[in-house]
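Read the structure below first, then the notes.
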Amino acid sequence: MTSQGSSEPRASPYFWYRLMGRDEEGYDVYELFIGPQHPASGHMRIIVRLDGDIIVDAEPDIGYVHRTMEKLAEGREYIKNIPLFERATIIDAANITWGYVRAVEQLLGLEAPPRAEYLRTLLAEINRIASHLYGFGIAGIMLNHSTMFMWAFGDREVWVQLAEDLTGARLTHSYIIPGGVRRNLPQDFREKALKAIRYMEKRLQDYERIFVKNPVIIARYVDVGVIKADEAKRLGIVGPNLRAAGVRYDARIAEKYGAYPELEFEIPVREEGDAMARLLVRIEEIRQSMSIIKQILDKIPDGPIFHEKYYRMLPPKLKEFVESTGRLKLPGAFIRLKPEPGEAVARVEMGHGEVFYHIVSDGSIKPYRVRVITPAFRNVVLYRYLTRGARFMDLPAIYGSIDYFPPEGDR
Amino acid sequence: MAILDKVKEALEPLGAKVEEVRPGYITASISVENLKKAAQLLFNLGFDHVVSVEGVDWIKDNEIEVAYHAASYEPELHGVIVKLSTRVPRDKPELETLIDVWPSALYPERETWEMLGVVFKGHPELKRLLLPPDYQGPPPLRKDYKVPEEGFIVDLTRKQ
Amino acid sequence: MAEDVYKPGNLLTSLKRHAAAIATGLRYLLSTKRMTVRYPEFLIDLGEGYRGMIRWRRERCISCGLCAQICPAAAMKMYKLPGEKKMFPGINYQRCIFCGFCVDVCPAFALEHTPVHDLSYEELDEMIYIPERFDTEWVSPALKEGARPVKVVFDEEVGLRHEPK
Amino acid sequence: MTTGTIGRIVDFVLSPHIFAPLIYPGLLAATLVLLTLIWAERKMTAKVQLRYGPLYVLKPLGGAIQLIADAIKFMFQEPIMPRNADKWVFALAPVAMMAFTIIPFAFIPAAPGFVGVDVEYSLPLVLSLSALIPPLILATSWAANNKFTLLGGVREAFMMVAYEVSLFIAAFAVASYYGTLSLSKIVEAQSVPGIILNPIAAGVFFVTMLMTASKLPYDIVEGEQEIVAGPFTEYSGILYMLVMGASYMELYVLSLVFVELFLGGWKPVIPALASIHPAFEGISLFIKAYLVLLFAVFLRSVYARYRLDQALEIGWKKLFPLALLSVIWSLALLLVAGGA
């Protein structure tokens, strides 16, 4: 047992108190290492310091699944980085690659045809639902509600199946490429998607009965881990965590990319800022995403799915194949995309929040520098902020409610 | 564009070079001394958080560019990113931390210290974040840290 | 939706919620819905378009090497074999991420995806397919052992239904 | 060997002093409950969660002997003794825990007059014996010398004081109505099931029963998501099986008491059955207790876990006053009905 007296000088653990304008107080703390070998830590460690049952300080120690993506990206051609960045958030692959592709398209001066933009939006929304359901399941099991965990993961399968029908892969779609998308809409996709939506609407009511309105969940979530709008802004929080704190910010309306300007949807915002508000915002976002999918299926325009500049390069035989199967063939020139020197930034709203890419090109076939800031990396600071003063048993509740995805934070 | 003019008006007296490279993407490069002042001015304009803090190693110029991408949650500044950047020498990359202005720079600054060896003076916890605590090598995102690459041809005639 | 979770509940609303949760649980306890596909006995038929194991056809290959150049994981390589003038692609399934770029870039339709995805290996070296081994038909081990293929059908009531083919 | 000897052996085994603690409702039945209940729990949870649950061990019966397979696995698993542990306490506490869950069977009547040791105070005796387990859990948590086990032990200590009081008071509320502390006499006197006479006591007893056995929503002591497995974090192999089994055994003991206090004990739902053969009375008790157990473990698929302070609040601020209220209710019933 480690018990640190107040006399022991420690610089970092209590710095938060200084930042929050507090005096450095003497705490007699009990130090716990939650993770990386722990049933509920994920691929990370949280160093928790307890004063009795109260958390004095929880320090997220991330990096256990760091894959040096930014460095690896510097050594690869532009197109090869798509599957690489996809692996940061494998559960939300469409959105995380879309940010990268948007930045590359800006560098190349390309614009995807309208149909491709609609298809990207479609997959992005399917991924958003799947990502929220994943978060839901984790939130459930963090409170030991195994039914919510199994249900959410089971229902996520419906959306994963839908994505598979569209792209040919369950999770790692690599669907969005500079200049367009890789596959056209399958024949019977509309019926399938509408059935999935109707099913999900029914299930959300059961979720409500067994989870959201369950008195145990209300007890565990209401007024737990509260963050208010001004603090969320100061700390640069993104995604549903931000919107649950009362800030109406969503990269989909801020950046106006894809087909979003042509679609009608609401950005759910709640004022409470607690764990329950984050949960409710996610549920409402699932509903909004389903409404977006319906609109896309109604509005999707006909036309090419790939930019003319590269489609032209394909020999007639391959063009014929693309027309008949709806599966794109890539021209050989696509391997060595060569943008002008310069830089570009792009932001895309993922399920977890906003992802940011900054690409610096020196005019060669490989990017000079790719900077990626994922929503999880921006939200990691919440561990420190939300857990301060919470009870120890609130830690998993808070962890589940902020929907932190360690591989995404570590990149 | 109104925002560009505002940023120009605020930062050009400090000697910043402000331009809009793409719609909604404004870059402003400034000297190290004026960085904090410029950050405060940007904050006052409404850029309330940084999306990213990063370093770019310009090995040919023997300099590291440290860039802060500031953005805002306010509806009138949606879709605008200002890159506030400065260049520091590669052999002594030091600048003052901006977490007093933007607390959201806390973790990205720590990561930039770790990955490029840029020292942010006044940062309360410059310690390993993503790399293992016992990592010894040079800062990995510098250009002189090479990642071995392999070709795409395997010659089986030469083996054995 | 669940706006009233923030209202201070009294004993009655609390009991009602407990009852609703337990009743929902009991309803599912008594229903016959199942999500699981019992894999070694049943195998989901993935059909056309699934990005599974990659089939290479030697007779179509023009040895252009585009597949090896586009491979993001450096799994596909061009192999120079003794006694062969041309180079042919081989694949290392330890690395392959099934992105399908090689299939998409192949101008001669020499590479194509199959729906087979459930292979396992005893040794790492077996996962490297030099061109000689690469040109073979993939067979799902479960199907070989007599698994019954099932088709995935979307359903409003149970989400996904698995119908025997 | 003569038939006389065999007969004497059979008589000996069938005599309540041996049969009750060792066979039914004691050790053998308890083992059976343990094996089937955990299987049933997993099966029911799986059903609610749209899965199959254990299936492949004895497939025609839906994997019914899965737990035997698990037990064999635990038996052959290496029991790891932490280097810094207090070895004697660490190894013996689970054994003692199991023993204290089995001893109460000697005092629980399984049928009219069929009890191992017939004492006048069987109700408080059984409850006090099962109240000896929390101190043993504390002992394991201290002996393992691990931060997580210690936290689990502290939680157990907090929980124990919160639920034991209400558990005892709710049981005594019933006893005070019948004017006896003997379980057999309480069952005999029950013409109307206790749950109808005193629903408050029944509710309090059931909830505290869940707390005692740390079942959801009160599995705070073992809170996997915070403290790995609470006091049992360091256990492995056969010792782990013992500590895990002990909580189910405790639940079984308490559900037997619950049935005898509130559900008419061994009296069959159809009274005529009892006249066919006295064994039906024992079976009836078992079935009732098993149904109570099934409901208790079914709650796992409905609930999440309460926070420690919330559970303590429930224990002290809700269950305790309710338990007192149930005593008053019993006394009021006595005044109105003039006693049973």
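Which chain is which? They are A, B, C and D, in the order written, and residues in each are numbered from 1.
Please note the rule applied: a residue touches a chain if its C-beta (ideal position, glycine included) is under 8 Å from a C-beta of that chain, and two chains touch if they have at least 3 such contacts.
Just so we're clear, the structure is a prediction, and the values are computed from it rather than from any experiment.
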item: Chain pair bearing the highest count of C-beta contacts; value: A-C
item: Whole-Å gap between the CA centroids of chain B and chain D; value: 62
item: Intercentroid distance (Cα basis), chain B paired with chain A, Å; value: 23
item: Chain centre separation (chain B, chain C; CA means) in Å; value: 40
item: Averaged-CA centre spacing for the pair chain D and chain A, given as whole angstrom; value: 45
item: Chain C: positions in contact with at least two other chains; value: 21, 24-25, 28, 35, 69, 71
item: Where chain A touches two or more other chains, by residue; value: 147, 154, 210, 214
item: Which chain pairs touch, all of them; value: A-B, A-C, A-D, B-C, C-D
item: Touching residues (chain side chain A, partner chain B) in the complex; value: 11-12, 15, 18-19, 62-63, 66, 68, 70-72, 74-75, 106, 233-236, 242, 247-249, 253-256, 342-345, 347, 354, 356, 358, 360, 368-369, 371, 373, 377-378, 380-381, 410-411
item: Chain C residues within the chain A interface of the complex; value: 1-2, 5-6, 9, 14, 17-18, 20-21, 23-25, 28, 35, 46, 49-51, 64, 66, 69-73, 97-101, 104-107, 109, 113, 152, 154-160
item: Contact footprint of chain A on chain D as seen in their complex; value: 45, 48-51, 147-148, 150-151, 216-217, 219-220, 223-226, 228, 300-310
item: Complex interface listing, chain C residues touching chain D; value: 21-22, 24-26, 28-29, 33-36, 38
item: Residues on chain B engaged by chain A in the complex (per definition of touch); value: 21-22, 24-25, 27, 48-52, 54, 56-57, 67, 69, 71, 73, 75, 78-79, 81, 83, 99, 102-104, 106-108, 115, 124-125, 127-132, 140-141, 145, 147, 149
